[in-house]
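Chain nomenclature is as follows: A, B and C, assigned in order of appearance, with residue numbering initiated at 1 for each chain independently.
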Amino acid sequence: APLVSQGTSFISDINASFVLTSGYLVFMMQLGFALLTVGLVRTRSVKSICLKNIIDASAGGIGYWLFGWAFAYGDPFYVDDNGSTVYQSNAFIGSQQFAMSDFDQFNYYKWLFQFVFAISTATIISGAVAERMKFQAYLLYAFFLTAWVYPVLTHWVWSPTGWASPTRVTGPLLLGSGAYDTVGSGAVHMVGGLAAGAGAWVLGPRTGRFINGKPQPMPGHNSVFFMSGVLLLWFGFYGFNPGTMGQIINPDGSHFAEVVARCAISTSLGGCFGGVVALMQYFVVTKIRTGRSVWDLHQAGNGALCGMIVITSGCGTFEPWAAAVGGIVGGMVYLPSSLFFLHIVKLDDVVDATTVHGTCGCLGVLWEALLSKQGFVEQIYGTTNPDGITPRHYGWWQGDNATVLGANVIWILAMTGWTLGMMVPFFYALKLLGQLRVSPEEEMAGVDASHHGGAAYLDDMSEGSTKGGLMY
Amino acid sequence: APLVSQGTSFISDINASFVLTSGYLVFMMQLGFALLTVGLVRTRSVKSICLKNIIDASAGGIGYWLFGWAFAYGDPFYVDDNGSTVYQSNAFIGSQQFAMSDFDQFNYYKWLFQFVFAISTATIISGAVAERMKFQAYLLYAFFLTAWVYPVLTHWVWSPTGWASPTRVTGPLLLGSGAYDTVGSGAVHMVGGLAAGAGAWVLGPRTGRFINGKPQPMPGHNSVFFMSGVLLLWFGFYGFNPGTMGQIINPDGSHFAEVVARCAISTSLGGCFGGVVALMQYFVVTKIRTGRSVWDLHQAGNGALCGMIVITSGCGTFEPWAAAVGGIVGGMVYLPSSLFFLHIVKLDDVVDATTVHGTCGCLGVLWEALLSKQGFVEQIYGTTNPDGITPRHYGWWQGDNATVLGANVIWILAMTGWTLGMMVPFFYALKLLGQLRVSPEEEMAGVDASHHGGAAYLDDMSEGSTKGGLMY
Amino acid sequence: APLVSQGTSFISDINASFVLTSGYLVFMMQLGFALLTVGLVRTRSVKSICLKNIIDASAGGIGYWLFGWAFAYGDPFYVDDNGSTVYQSNAFIGSQQFAMSDFDQFNYYKWLFQFVFAISTATIISGAVAERMKFQAYLLYAFFLTAWVYPVLTHWVWSPTGWASPTRVTGPLLLGSGAYDTVGSGAVHMVGGLAAGAGAWVLGPRTGRFINGKPQPMPGHNSVFFMSGVLLLWFGFYGFNPGTMGQIINPDGSHFAEVVARCAISTSLGGCFGGVVALMQYFVVTKIRTGRSVWDLHQAGNGALCGMIVITSGCGTFEPWAAAVGGIVGGMVYLPSSLFFLHIVKLDDVVDATTVHGTCGCLGVLWEALLSKQGFVEQIYGTTNPDGITPRHYGWWQGDNATVLGANVIWILAMTGWTLGMMVPFFYALKLLGQLRVSPEEEMAGVDASHHGGAAYLDDMSEGSTKGGLMY
């Protein structure tokens, strides 16, 4: 008996170690997003992107520490006479552990992982609004998003008390299954993509991006940084997706690593097929439309990301072939979706976050509802709902009915309503206050020169003070 | 008894976690190779390298998923009445689990690790053939290599049924020991280097690289990317080498971590000595030949890689001093080998993959045969051959006879024959079909402009559509 | 009973795995430091920085292997009849295991972790002395530091026999507590910062950096590399700080992961607050002094590093709020300290290592003495001193007396005396021998051209041999 409990004890340490390491990989997505975005902007805005992506992590971390975790997971509870945890908080928002007060040490590792998730959501936006948003506005929304918008939403689907959560213990599950957004194609990527689209829309396009409603080329300045960003994000996905499983061993000491490994395989196949399919599709379309042969880096890179995001949410519940097909879907959707937003919506989203994270994040929530395999869902969520009786639902195209699909569609609508309902007024308020967008003169000069003290790249002939006159 | 089996159960999860994390580090070698190669090409070919290295991972992953694993490890077997695994497949090729069909979930983590190994082999080649190969040819060979050439060869030496494998259970071991290519100085690096050399040879040199048979300087364009590539590869080696051990704990719960740590130390010392020795040697040689004092980044970086590759295969079986000497050997061999291929063979290998991976990979296979220590070999392979009787052979210079050296020389010949026998006809066939090399005009304009829609680096003054006219 | 010992056995493997993975992350700090420094130098010195940071790892690794470990941890000991380890070495220096001779395999993983720490200390210096130090001098001091200065000092505080060590078993603890420099704000960062300042001081400023004693702007050339360096260092801190705990499970199988996770949280909050506070402070100061609005990347990046370094030593012993306040302190101290060294001391420290690592490292040693919480200290060091009787001391502002503060102040003085006492004469000796600084002509031409064979960045129009005439 003492040996068993000893076993249980150190197994939780092993799982914490696994989650922490995964969290560190997710942190690298900050650098990945930064470099991807740097590569896609013009030289005059490079320094602002560099700063914004350090501030994502920093201001976002402060927001998540002060408020975010509390709203997401700060559920009041007590342990009853039987040793069971009884939660008392409501289905919409948590209410304690602000600034990690009265925090259970045992959950430290979970905080780290949730923190890097929150700042990932914030950083998705920075690229879409690049080159014309005021830095103050950026600082405010990074805080607003990580302290309020994202945490509340994750409470709904990932807290054991959330109204949409499949692990809800305080009331009935949504449609009897809860929404399956296991790894966050929805809560992270789609939310980030929606907020990005909202920001880019309220801001309006960069000057010169559209002439007479027709988009003009405004290509990024550095392919190497773009490519580095893609591969660093891919690397980070190996933390993001498998790490969300939260453990490498079941608490009772039984096998779990295969679920984690399945997440890594889904990620790999999603990225591989997404990249190749997007590349091929663009080659064929361009050939037909213009007669030219173009193997396009941009397509391969963003296609790989699209593929990975489509398989993110359900990565632990897919057969490899289902992840591969998900990757193909992601790769095929990139071009039409980005053309739609550019040519029809007239949205100037510098990094196509609306498509990569928004569209593909939405598809990811659907993909989990469609292709989650019964036995695999049970490995993650158990064989029954929290009531201990109702069998777990699984994917429609895997033999179950469309229950999860229904719940996930409701979840998609809820995320859309909440995110746009929060972010559009937020950005409009900043606009009305004159705090959203730099002046046209500042934009043409470049935000680096007008707000960040000088150019990102200098050659040895550069002269004069570049950083505000105090030093350097 | 239940406790023991519980222990055995979760230990396999811990080992899976270790291997997965190692695999993620190996994935970063994709970015390492990409940046190293980007740094060594001219600006006109940068975007093609960026694309190629994303496609390595993508197309290579598809190839390995569809066919590669099956040919390498898809061995039919059954479990007999005693609970032993009985393999039925042949010594030359596996035959099932195509596209991971009927895949044992327990092996998911192994697939991930083998996948990143396969794409590492593919990416080695991209640098050698840079700046003049058609992208279509690249796509095809990445698939061909990961789906066929590399997997078959790894079946021979790493599958428990392969004819050269020291863990072979279906027949006698090669020369009584099997070939020791434990971590892949041979199967990954030498094979990659051979294929790289074959590609560069069939392609022919870049226009202007040789004038009247005399090599002309054609330096790379960015030292920072080169350096970043070297350090990222070094980082990746900490996944590649220790991760190949496949476990951090023995399945029975006894100590194993020291073997893993030994791999990390060998890697460190190999890199350290390789870098310093190559730097020093070049300084001295240049001083003597030209009178100039040059501390050369290129030498230090490639020297460190050479040192690490010499100690790769046997990293788990060397005393630290043997790894240090291996690093010195790698550092010393870089300059003469690269001069040989450039001046004598007249090979235009843009990143010296032929030397770094080919020559040093070959040396790595020999180094394991010479300096593997008895007790260390036994920690990895057991005290006896799979027959349970014959003691394991070990390194010649560690007191055993030259058995392993003999087997490893046969293995080197086999790898050379197979790789060149496959890749040379493959590249020639593409050449005959006119699908191997871009036209001289396209090459002079740069493959970025002629095949990838425009330049990798743009300043804000750039005009016009750069990516095929459809978007951006 | 056999099960218990089996448990103990594999737990040490799990801990080794944790430490090794942490060590790999620390290795990435080499790339982080390299890119940060590259970003802050002028283009003419880029290649020298790239080379120096590969050589840090290489020559530093050789120095640490040959001598460093032996001086730091090569303590003679025997195991007595009760199975206890009895150390015989003295309080000032270790004396065996040179070149890992007679090395206990079980400690292999510790060597790896100490190696990456040693090279981190060495690399801190490279930025401060950039653009004018001879490469030979760099090679020598990297070796001298990793082989002698750093190891002896770490023996004092981290070896179980060191005179300042809180784990000392061979004599009384310093002031009854020993110095608490648990993770190395002092032994790594402050020592690195002091050596950096000493080097920059003896070298003198870059030509043109001061005119009539007034500093002239000499800005770095690439913001993207700087930002990448900051985020890679942040990533590396997740290895550096948590990894130093040395385990993820207590050897008896009881919980420990929360201590490791606490380190990660301290690191995150230190970085987040440091970055935002430094950014804000500079904005306000610049606004007041010049009327301009500048959101400065440099401040945010270095501020984040300052915040992390202030909380480094005691990261495992702070409540999250104490780490947050530590981050604020780090963020606030960056600007005044760097202005002090630039304007008052007239020190040309290219990367502000003196402030970031020196000043903030010193603050980190104090911060641990002030804010270490009793229960958290006991999780790391046990409830009593090694005598088994005296309760552990903890932070002054956490309720204990100022004992640890006293010991840590002595430790700060000892580090300062030893480091400056070794490095200032060392650099002066090189200066007297004419081996420290390049000539003014070489400096103006750039060390890349004069010592490293050519420029770091080339465009396609560059001609002629760039690397010494032998090849390329």
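As a convention for this text, a contact is a pair of C-beta atoms (placed from the backbone, for glycine too) under 8 Å apart; a residue touches a chain by one contact, two chains touch by 3 or more.
Everything numeric here is computed off the predicted structure, so don't read it as measured data.
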**Message:** Validating interface symmetry: for the copies chain A and chain C, is the fraction of residue numbers used by both over half? Same or different.
**Reply:** different
**Asked** In degrees and to the nearest 5, what turn takes the CA positions of chain A onto those of chain B?
**Response** 120
**Separation of mean Cα positions, chain C and chain A [Å, integer]** = 33
**Request:** Specify, in ascending order, the residues of chain C that touch 2 or more different other chains.
**Result:** 3, 7, 14, 21, 222
**Asked** Given the complex with chain A, which residues does chain C contribute to the contact?
**Response** 3-4, 7, 11, 14, 18, 21, 25, 42-44, 215, 217-224, 226-228, 230-232, 234-235, 238-239, 242, 248-249, 253-258, 260-262, 264-265, 268-269, 271-276, 279, 282, 285-286, 289-290, 292-298, 300-301, 304, 320-321, 324, 335, 338-339, 342, 446
**Request:** Could you pull out which chain C residues touch chain B in their complex?
**Result:** 3, 6-7, 9-10, 12-14, 16-17, 20-21, 23-24, 27-28, 30-31, 34-35, 38, 46-47, 50-51, 53-55, 57-62, 65, 99-100, 103, 105-106, 108-109, 111-112, 115, 135, 222, 225, 451-454, 456-460, 462, 464-472
